[in-house]
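Chain IDs A, B, C and D follow the sequence of writing; residue 1 opens each chain.
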Amino acid sequence: LNKKKIFNDPVHGFITVPCDLVFDIIQHPYFQRLRRIKQLGLTDFVYPGALHTRFHHALGAMHLMGIALSTLQSKGHPVSEAECEAAQIAILMHDIGHGPFSHALENSILAGVHHENISMLLMKELNKEMNGKLDLAIKIFTNTYERGFFHQLVSSQLDTDRLDYLKRDSYFTGVTEGNVGASRIIRMLEVRNDKLVVEEKAIYSIESFLNARRLMYWQVYLHKTTVSAENMLIQTIRRARYLAQQGIKVEATHALAFFLNRDITQADFQNNPEYLNLFAQLDDHDIWAGIKDWCSHPDKVLSFLSRGMLERNLFRIQLTNTNPGKEYIQQLRKQVSMQLDLKGKDLDYMFLSGQISNSAYVSQGHAINILTKEGNVIDVSEAADLPNIKAMSKIVKKFYICYPKTISL
Amino acid sequence: LNKKKIFNDPVHGFITVPCDLVFDIIQHPYFQRLRRIKQLGLTDFVYPGALHTRFHHALGAMHLMGIALSTLQSKGHPVSEAECEAAQIAILMHDIGHGPFSHALENSILAGVHHENISMLLMKELNKEMNGKLDLAIKIFTNTYERGFFHQLVSSQLDTDRLDYLKRDSYFTGVTEGNVGASRIIRMLEVRNDKLVVEEKAIYSIESFLNARRLMYWQVYLHKTTVSAENMLIQTIRRARYLAQQGIKVEATHALAFFLNRDITQADFQNNPEYLNLFAQLDDHDIWAGIKDWCSHPDKVLSFLSRGMLERNLFRIQLTNTNPGKEYIQQLRKQVSMQLDLKGKDLDYMFLSGQISNSAYVSQGHAINILTKEGNVIDVSEAADLPNIKAMSKIVKKFYICYPKTISL
Amino acid sequence: LNKKKIFNDPVHGFITVPCDLVFDIIQHPYFQRLRRIKQLGLTDFVYPGALHTRFHHALGAMHLMGIALSTLQSKGHPVSEAECEAAQIAILMHDIGHGPFSHALENSILAGVHHENISMLLMKELNKEMNGKLDLAIKIFTNTYERGFFHQLVSSQLDTDRLDYLKRDSYFTGVTEGNVGASRIIRMLEVRNDKLVVEEKAIYSIESFLNARRLMYWQVYLHKTTVSAENMLIQTIRRARYLAQQGIKVEATHALAFFLNRDITQADFQNNPEYLNLFAQLDDHDIWAGIKDWCSHPDKVLSFLSRGMLERNLFRIQLTNTNPGKEYIQQLRKQVSMQLDLKGKDLDYMFLSGQISNSAYVSQGHAINILTKEGNVIDVSEAADLPNIKAMSKIVKKFYICYPKTISL
Amino acid sequence: LNKKKIFNDPVHGFITVPCDLVFDIIQHPYFQRLRRIKQLGLTDFVYPGALHTRFHHALGAMHLMGIALSTLQSKGHPVSEAECEAAQIAILMHDIGHGPFSHALENSILAGVHHENISMLLMKELNKEMNGKLDLAIKIFTNTYERGFFHQLVSSQLDTDRLDYLKRDSYFTGVTEGNVGASRIIRMLEVRNDKLVVEEKAIYSIESFLNARRLMYWQVYLHKTTVSAENMLIQTIRRARYLAQQGIKVEATHALAFFLNRDITQADFQNNPEYLNLFAQLDDHDIWAGIKDWCSHPDKVLSFLSRGMLERNLFRIQLTNTNPGKEYIQQLRKQVSMQLDLKGKDLDYMFLSGQISNSAYVSQGHAINILTKEGNVIDVSEAADLPNIKAMSKIVKKFYICYPKTISL
């Protein structure tokens, strides 16, 4: 079997599978599952092209990792074949633990289990199957490998994850402003004291990268319609779970039914290996199939939410820079309560408020470091000729309130 | 409610909703369903980016229709506002009858009912809801409107459907050679005797368009892995239906269960309005949810096929230019039969052979007509300075045989 | 004669000549001259693709003006056909007064005559030839038309000039980060009290636009190699002029010879109509032809500079954030003086120092104004959720010193 | 001095200078001269973006050569570092002998000396300067190196020259249909018996490539306005040379004056080394500077032609598929003669007729060879499933007649 496969990627051109081990990982059902998990959850409600998957993103990030490492090699930093393979595998699998709709359902299907923990568990499982061949990749992933810059290429403010997803999300949404100059930045990477740094002449590209990321957050990732859709989805799943746990029949695929019927903790996960396999059977389709059947469910709340999702009849959302205040929320909630004739817990599924936040640049302890022409290493927010990057390190919060557009269930 | 919505389209830029009626159609559940039907069925198994939907394509085609009509207007052909709106609606809805996975399952879920008939029924239904506002659009769609070129813009060898899907499929697959010069061709459109023609200077663009289409057929639409995957999918559905009709429990969403449990004809459809609504509830998710549950179905054939789909463990496929011959097929079939210990009808789900064909240019009665500088109208295959377009009007057939890679169920 | 010409523009697609008058202007030798003046002067020394011309940019800006005006119309602001034509003509001609190498030689060939004054004179000349048909265009250009937003579309911090050149310069240089979302911004334009404003939801696009512009300044427009090349070019012309005015023979085309041989003021220009026509004969080729012949000129300074230009053997340049100080400059100058055996005025051609500056956002009196959802108009630097735009309104200065790399003439 | 330069190329991304020797060649005045020679001569009269140079193209072709060779290496064909460097140098310098306006003036400035001979002479000269380091590159260029596929990558129907220029010309003109899938084709290259072949699965990409090339010929390279402009340019130079050789003063730069004043043969060139250096001083600017001065030349023919060039007032051109016939030509010539009051030789500068031809695919002896799955090597026109490539191997000729639009000098 020829494992030198080439993937067509409209974003980076052609992506070559670098070695047999990577091929085997890609073939594995754990990884193939990512074909069925959209990178941007429900964002296609706003940007109809945003249907790309975690699968495609992982391949793209692996591709960029390859370029980054050969750049560093050409600058005199030795990278062994084993390290190169391991780093590519680490980034390839960094998202393997994502559940349906990526971040959106993280706390609804598996309350309190972070996707990175699941990634970890799945990697270990794969490593067992592959006889320890992923040891180094896991070390890099968990930041226990001595040469720290490998981990930074997997996870930091300038990792190949972000460089790929910004470019990719820009391509598929059509939001051209998010098209970061990934090639340029990668070519400017350097290493000092085993830490990733960037050559000084890339400083404006870094600025542009941070700005693009900030824009993508507001324009895409935190777009108010997406926030509204995700909240509606979360409530739908919450309601389905509530009914299921009350003993009411709620149609669902095997795997989804399992998770609707019980509350599972991180500890449960570690103690019951089969839970992991069940989780690894979930993807976007389980959710959609449920929603479709629930449109005619006798529970009005569930059917209302499900029809809303299916027909894109989403919650109205108010997004404000300042906290609207308890009183205002209370008043609005009352109104909705009256109009929908819902109270207490039932109303909670229909009336929501919360916060979203965007931190374009995080400095302390995680800075992007610039290597000056004189050989010094300094935080990019210090290196810039304007206080604009510093300005971006402030976290921006917005407040939202969601509730149904219509007045009658 | 502001209905002047703008869609972000990475292919054409921004797409403006031209009027309130179009907005209402887009909002309708019939049309929103197209968000959940991939344009290229299972092609993402080969080109991971090919996840775009009929929804996005329909918007794109509508956009090109707008440009085509304003081009014709600027060349002195009067187009009323009503005609413009109707033509845009006709192309917007041309694919509304597609079922899950577009063409792939056309004959498996609804044997003998063509998607264009369903489009027709759904349009009529919508027209009723909208108090006859779609009359002219339907006339154009059915080619009963007196000004024939409107229909040609909806359906002909140079319609806005093709101009959009080639560009779009090229964009999302990354097969750059399929990126046709749609803008150039549209700007060269003309009308003579109520028929669509193309200015002579566009002749090389037409050649390029036909060639791009031919390439996309072999490289994408008829890619052997896609053919294999679609055959596997068809067999999966066929087996599920067979079991269901035997009285064996087969998990499925409400809508899918309905269609698995009975054979429905075109006549049934016309007589039972609720059938149409049930069909309009189907999309790709129903199929995938079924496949996922069927992976653990007691029927070995169904579970084998389903796992194959889910884990991308597809049939091996042999594609040949010449008919492999009955004898060869018989021999291979025997081998598969022995290896899998399957016979008769059961074997039929696992061993398949058939033909695919590609006709790059169809001349008789459907020619692309060129308007020469002297004012004559001639078939493009005559107008070309080489017999290359004529060469392309021959239908090319290929033969395939599909069977499992593995030897044990 | 059919004047409905279409230009192929890789940046915006196809550009249609909107009317006969525009066609006649494009045909005019004054405008055709812009085909021979590169948009970015000597930038192709750094970015080899940056060879695009003022001609192409002017067409692109005209195209964007058309889109901007039809957007405003669709939002209920009446724009007459005459206004539309005039605004397109105003932007088409905004750069018509540029001399060879655009900004680079502005003060060397014609000391003290700003290119905008020459644009003005050439427009008036054209207006005479065209029997006053450009009256309204000139009013808009000079900001004497009562509806002020037309002028703002020609010249302001968000004019179609910038929207075009950033996109175009990004395309031809390959600096992808400069690819501003012009389409999105244009679609968000509005008018309040005859002033151009931008809808609030475009705020991140504006941020991105300002950032892209800032990046293009440092990465492209003020790239140190370009600054060095431009300084070398200026010195070459200055030396040629010095020699010519000393009575020494300096080869040059007729038009260039004329301007080398005398110092011309703004007043001269207005008093001698033939000066304008002579100026309108100059373009990049005159300069290059001179440089080529001067490579073998007996004057060592001139031939040294000319060979440097021709063979891309440019000045060494030091770029610093802080003023290097008189002492340091004096020391360096002395060194160069010794090495080259040049003194006084001769040395001035070989040793240069100066400043460049970049003001990403200018607020006072020229703000980009945001139209909030509540209907208020506020400065974008106030409207942003971070002080980052305010940060960008600080002017950044850098200091440069240029001198020959080599030590012997 | 760091010679690891990176060039920004909007077509291929970033181009890295692979080694010091390549850097030195790029720095050499012979190569820098290519910055001043447009790849497509006068094509920017039709496509205003087509201003890219031989310099940029040569870098791009070198870049593709690098990818092609590493592809072949990864398929098991050993390529030494020396071979890789040499092949990249060979393609880098393949166009070094081009004169002003590339092909357009090939027979006017230097009648009877082909640009490839000059390339050869310049390479030898460079090789001398570089102490024989170009020996292998020259062997590859002249096809005297034993491993023949290296030469084929430099010059054949599928060389990196064409793969670059089609992509590049498509990018800068905006004729999107010419954007060949160079990456895909390069990844499908193979070698059998030291000959370049292409894997069978690339067959549709080859078809698409040939078609794109054919389209680019008619749409761009042989565009009738370009043919007209080139003919006008040739006549301008011919007239200038005629006058110069009559002893009439014709303004020109030193280098151009030299070539206007005498007729130089291939033999002269080889015997007089300084001729080569003079030729290496010519570029597009010499021609334009001449044209500009000649606009006011007392010779009416020269000034008429020059003004036509400068103001884009080109010859009218008739392009026909069939030979218009001597009689028709004679008649037209007479008319022009009368209208312009020109006769004999003078008329020859104003009335021209000739042929252009386009051979999309050349088979005999130069075929593109396909490596079938079975391991056979066959001509692509045989391998195709349709006779369309065969159809393209016919040479298409067109006939043109050029003459002034205006009737009075």
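In the analysis below, contacts are C-beta pairs under 8 Å (C-beta built on N, C-alpha and C of every residue); 3 or more make two chains touch, one makes a residue touch a chain.
Remember, predicted model here, so these are calculated numbers, not experimental data.
**Student:** Have a look at A-D versus C-D and report the one with more C-beta pairs in contact.
**Tutor:** Pair with more contacting C-beta pairs, C-D versus A-D: C-D.
**Student:** Considering only mean CA positions as chain centres, point out the chain farthest from subunit C.
**Tutor:** Checked the centroid distances; the maximum from subunit C is B.
**Student:** Report same or different for the subunit B and subunit D interface, where same means the shared residue numbers exceed half of all residue numbers found there.
**Tutor:** Same, since most residue numbers here occur in both copies.
**Student:** Could you work out how far the Cα centre of subunit B sits from that of subunit D, in whole Å?
**Tutor:** 43
**Student:** Using mean CA coordinates as chain centres, what's the subunit C-subunit D distance in Å?
**Tutor:** That gives a centre separation of 32 Å.
**Student:** Based only on mean CA positions, could you tell me how far subunit A sits from subunit D in angstrom?
**Tutor:** Spacing between the chain centres: roughly 50 Å.
**Student:** Multi-chain contacts in subunit D: which residues touch at least two other chains?
**Tutor:** 13, 175, 184
**Student:** Mapping chain-to-chain touches, which pattern fits: line, ring, star, complete or other?
**Tutor:** Complete.
**Student:** Given the complex with subunit B, which residues does subunit A contribute to the contact?
**Tutor:** Touching subunit B from subunit A are residues 7-11, 13, 27, 29, 32, 35-36, 44, 46-49, 51-53, 55-56, 59, 171-175, 251, 253-255, 281, 283-286, 288-289, 292-293, 296, 310-312.
**Student:** Applying the document's contact rule, which stretches of subunit A touch subunit D when the two form their complex?
**Tutor:** 4, 6, 13-14, 74, 183-184, 187
**Student:** Contact residues on subunit A for subunit C in the complex?
**Tutor:** 175-177, 179-181, 184, 204-205, 207-208, 211-212, 214-215, 218-219, 321, 360, 385-388, 390-392, 394, 396
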